[in-house]
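Two complexes, one shared chain (subunit A), two partners (subunit B, subunit C).
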Partner chain A sequence: MYEHLETAKRTENLKRIVVDPVSRVEGHGKVTLMLDENNMVQQARLHIVEFRGFERFIQGRPYWELPVLVQRLCGICPVSHHLAAAKAIDQLVGVDPVNLPVTADKLRRLLHFGQVLQSHALHFFHLSSPDLLFGFESDINKRHIVAVLAEYPDIGVQGVMMRKYGQEVIQTICGKRVHGTGAIPGGMNKSLSTVERDNLLQNIDQIIDWSISSVELIKKVHCSNLPYYDDFATIRSNYLGLIKPDGALELYHGGIRAKNDKGETIIDHVDYCRYNSYIHEEVRSWTYMKFPYLLSLGQQNGWYRVGPLARVNNCDFINTPMAEAARLEFKAHSGEAMVHSTLAFHWARLIETLHCAESIKALLNDPDILGQDLLTQGEKRYEGIGVIEAPRGTLFHHYQIDENDIVTKANLIVSTTSNNMAMNESVRQVAAEYLSGRELTEPLLNNLEVAIRAYDPCLSCATHAVGKMPLQLELIDAEGNLIDKLIKHGNGQVERNCVS
Partner chain B sequence: MSKTITIDGKTIPFEEGQTIMDAASAAGVYIPHLCHHPDYSPHGSCKLCNVSVNGRICSSCTFPAMDGQTVLSDTHELNEDRRRITQMLFVEGNHLCPGCEKSGNCQLQAVGYHLNMLDNHFPHFYASREMDASHPDVLIDHNRCIFCTLCVRASQQADGKDVFAISGRGINKHLIVNSQSGLLKDTDFEATDNAAHICPTGAILAKRQGFRVPIGRRTYDHKEIDQVSLAESGYRPNTTLIAETEQSQYDE
Partner chain C sequence: MTSKIRVATTSLAGCFGCHMSFLDIDERMLKLVEVVEFDRSPINDIEHCSSNCDIGLIEGGVCNSENVHVLREFRKNCKILVAVGACAINGGLPALRNFVPLEECLAEAYLDGIGVENPQIPSDPELPLLLDKVRPLHEVVKIDYYLPGCPPSADVFWKFLTDLIAGSEPSLPYELVHYD
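And then the complex of A and B:
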């Protein structure tokens, strides 16, 4: 759609505008724009400028360390990494998800609902509400949570308290709010006591109430300026995520479903252990983040979006009543099979927040949650794959080990990576439709950040393209003639192209 | 009349043949240490237990207690030295507590906390050390070895084997395994050996057990190393009530 803006035809005489860093997102990224003399945008890119390399340095470590090591990828959704890795190493000890003890399975789900709740609350209230409440081009001095707390104290405090509750769920199960321990191969390391359960139950009704009012708030914000919200940064895309066997929204375990922009099914209920046959990744030279795509649709058209919008779009229903009612209203507003509005990510995110709150209550009232049977074991295997719906979307962890229990290979496809192409498309859409031809000012540039922020990207989690970055080295003489060219391809192959 | 020494002004009785460390532990006085263990012959190598005896610095785990000694241990200067030594241990190896399964049960970490070590101070060596995962039940992560020789001593003195040794000198010092291949799998080492459970850090670990003990129930989650260490040495203070109350909070 806006792909022609990925690389300008000629970069000579273009003005370069840099938004660095992109603020109020997790991790470090920057946006570069190339403008011609009439301020028309010729090139727009979102670059991820940090490099983490977890895939590489967990090689050589024993597999039971993985859930604890890889959760350090992130301070926002460590639990999702913890659990994706745990699901993978369950398989290494011969345990498939269906064979996990019921209590362990439910404790992990409770833990993950806490994680998604706190991450979604953090994103909406702390990171995005300043844009949504004060306006995208509002005074920069007001675009932060402190100003929200000052002007909308009720909303600000709700956000802080909802996030706190999610963190309390995590601390109760993992021993710490951030980077605790909980999931181990084949189960969990601690049961939930009655006292702990009752403590969490005390506040859950309040959290549900607040979740309802946040859905109302975003609906009001979205619908009060419907054409703008439906168009801003909006792109038509495919959507991918996990789904329950009955088609319900799922965050912990299920098959992969992908739909196209018209809502037609591309793949459905695919066993995620076979993800490699459906999804590949492409590396581009100007960013550390890879570009995944659906194999059947090819590199050009196979990119897809993940995360709250994808999940709420993809599912047939939500199995908690209030979130389901909110979903129906959400789907009805666009009149299309799929909601493509990028800013609708916020709406979908808060519907999920409500779903998490409702599900936490249901799980806390489930007698299984207090069970003591936490661990099981089967025959050792040498390969494990764990996939989960992290707050930001589908998260893949794939490990191979040797006979000594040491990790020999790791592949992580992190949610934000899946949204890479989409975020770039949204940046280009905003650049082309809202910025092109205008004198650029800071408030105008915030529009680019608003587009990126809608995806709630976690840039630090998503950067692992070690040694796969294609490089091109050109030798140019004083007259500007190309004399020699060296190309390193994504597969590591080096090619020398003598130009003469 | 029994013989006594004073440690930090406190009069402490001792029996003939006891070291200063033995006498201190029996009297409930904790002197920080890493290479010392009451079950094995003293080694005097980590230098954390250095004390001032009548003005001379000596290792309290090897130095015999003698009548009338004036011992200083809990002083600013000595604790400063101990902190520096601990910091050096941290930067020499790869002691990455956040991802280490020994965290919360680790003496090196607990000593660091006890000495109020807040940073590494020295530049990190980023040592590149191999792991020996060849044994079916036990893992050696050389990154975390501090050369205390406790595994060497435990294997020889308690297990009647000779599985480990320290080789090399100075900065090249390293733990080796006494087998033709140099691998643990080619020794008579077993997971039930005392040497498999003696490591004060996470260098020698039972496989597939990591993170089974939840946060809150690990050795040093609610007790400092001085309490734990004295209890291990057989010292029984009159504070069992406190310990029981603490425990009951987490039993629920």
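And then the complex of A and C:
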């Protein structure tokens, strides 16, 4: 496909262009392009430029701190990190997922459905909807949620309220909306009261209705512009994620399934505790984000995509009726075994949002959710692995401890890292197909960001760091002379500064 | 439009949790944007502070050279600069790395980690320089207000901003002040 654009054969005589930072994503990344004398793209890279070092500095801490420590990797999906760590430390106290008390298991699932619902709503409405409603190359002054609230108040308010509901589910169970505490080794720290349950039940039908209309909205946006939405940033890839034993979509616990671009199974129902026999991560010099790949297919061909598109592609069905109907329609639109459209991530994400809303209602109506049996314990172990489907994809937490319960080794593969190669490939596709040979403009740049944004990358998770740099584009000729410069000012104005 | 209060926000070495907590004012956002206009912020595509920002809200500590540049840009352009949350105030959780040599942190992630192939420390000139320690904001620039918490709750943002916008000295009632 576009791998040849990762590294130019020769970098001398090439012009360097920087897009920095990638905006309306969580965290800090930048894109660099290298162009030849005809503005043809010879190299395109998405760099993750910050580093935290969590895997090292949590060593020496007692393991029970992990769920509250590592959730601070990310304020957007803290619950996913909290629960992945909790699943790992369950094993340290000798508890496997099947042995978790029923109420604890269901409370964690409810919590996680709340997390995925709020994160998906945030990404679609607050971050991406301006691109989808106003156009990829629209005026910078419109590319934010406040403009959506002004021009499409119904859609904007719906997004705010859907996110609010997901956050309320989290707050009810964890005490806080961001960085609360709920899971402890072998279970949960508090039960759900009838009053709390009834409060959440009050609004759930409204949330389901809004989720349905969100799916309708993205379907309309996607299908009214079908060839463009199917081709833009689109790449053929493998897909990986957790799956229920019966093949249903799963977000909290299951085996690993991977399929190739034709929909053929690569691995299925693999115990995630053996992940290291199937997945390794390659380091490249130009980014802090590693490149995971399936060992059986090798570094070249073993990369895969995770997240909503992977999950909806990989599953045999969704076990809630309205989301399943939406899934069937989604799959039918492409006419292929797998939907490869990168922008279809948005559609898949909203199908999952609907699934979360339906699942929350089902769990709230389940008498087990009010149970009091929250905790269990077994024989101490020295290694624990927890894997979960975070909003952005499969999330791996792996810890080893010593006889004093102190962490001695940690490995984290966060969701966005798994999409690293795919995001780079999509950037290269857009660079090659939509930008190559053209003159630089600010709206054109947004195309690169639209491609990256579809993955809902959490670069905060991926590097365990965030930050921002000014957006400035420089065009430099073979001799290193600045020949063109674009600066995006604070008020949104773009200044072009032709030097020669 | 010109009479609106300009608010810029950014996240340095933070987790975006403070920004999420700010968004947790939920539908009160509709009231806020009647009197506030967002300048540079991760929720829009404005990448540089205008010179006339009234309030700058900064989440996260300072962990690399870019964080320093961004922080100075905010100080230069915002009349009132606010350190938001534990990381901005004292480095927070990322500052746990201050007890470990940076080389060891990098080695763990890129050389000695489980399942690492092609081990090497990323070293491309595109990657900004890491600081040896994670620093709080006030070690780099003057800070006018501090909002504690990990993160400060939505009500803290609301009370603080509505006080300021009303022209009064912000004060947080005891129950809103948390050091979690």
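Quick note on the criterion: the second predicted complex is superposed on the first by the 463 of 500 C-alpha atoms of A that agree within 3 Å, B and C clash if a C-alpha of one lies under 4 Å from a C-alpha of the other, contacts with A are read in each partner's own complex, and residues count from 1 in each chain.
Assume a residue touches a chain if its C-beta (ideal position, glycine included) is under 8 Å from a C-beta of that chain, and two chains touch if they have at least 3 such contacts.
The model shown is predicted, which means the values in this text are computed figures rather than measured ones.
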### Message
Based on the shared subunit A superposition, would you classify subunit B and subunit C as clashing or fitting together?
### Response
fit
### Task
Based on the superposed arrangement, let me know which partner A:Leu122 touches: subunit B (first), subunit C (second), both, or neither?
second
### Task
Give one of first, second, both or neither to describe whether A:His4 is in contact with subunit B, with subunit C, with both, or with none.
neither
### Query
Who does A:Lys290 touch here: subunit B (first), subunit C (second), both, or neither?
second
### Query
So, does A:Trp64 touch the first partner subunit B, the second partner subunit C, both, or neither?
first
### Message
On the A-aligned overlay, A:Arg72 touches which partner chain: subunit B = first, subunit C = second, or both, or neither?
### Response
both
### Message
If you tally the residues of subunit A touched by each partner, is the higher count for subunit B or for subunit C?
### Response
C
### Message
Under the stated touch criterion, which partner chain does A:Lys15 make contact with: subunit B (first), subunit C (second), both, or neither?
### Response
neither
### Query
Regarding the shared-chain residue A:Asp405, is it in contact with subunit B (first), subunit C (second), both, or neither?
first
### Task
Check the residue A:Arg438 against both partner chains and state whether it touches subunit B (first), subunit C (second), both, or neither.
neither
### Task
Could you look at A:Lys262 and tell me whether it touches subunit B, subunit C, both or neither (first, second, both, neither)?
neither
#### Entry: Smallest distance from any CA atom of subunit C to any CA atom of subunit B, in Å, after fitting
5
## Note on the structure
In subunit A, both subunit B and subunit C touch residues 69, 72, 176, 179
### Query
Touching subunit C in the complex: which residues of subunit A?
21, 23-24, 26-28, 30, 32, 45, 47, 49-53, 55-59, 69, 72-76, 78, 122, 126-127, 140, 143-146, 149, 157, 160-161, 163-164, 167, 176-179, 276, 279-288, 290, 299, 398, 409, 411, 446, 460, 464-471, 488-492
### Message
Looking at the complex, which residues from subunit A come into contact with subunit B?
### Response
60, 62, 64-65, 67-69, 72, 93, 174-176, 179-182, 184-185, 189-190, 193-196, 404-406
## Note on the structure
The answer for subunit C against subunit A in the complex is residues 10-21, 23-24, 26-27, 29-30, 33, 38-51, 53, 60, 63-64, 66-67, 69-70, 73, 77, 92-94, 96-97, 99-100, 102, 104-110, 113-120, 122-124, 126-128, 130, 150-151, 153-154, 180
## Note on the structure
Given the complex, residues on subunit B that touch subunit A span 98-99, 101, 131, 133-134, 139, 207-217, 252
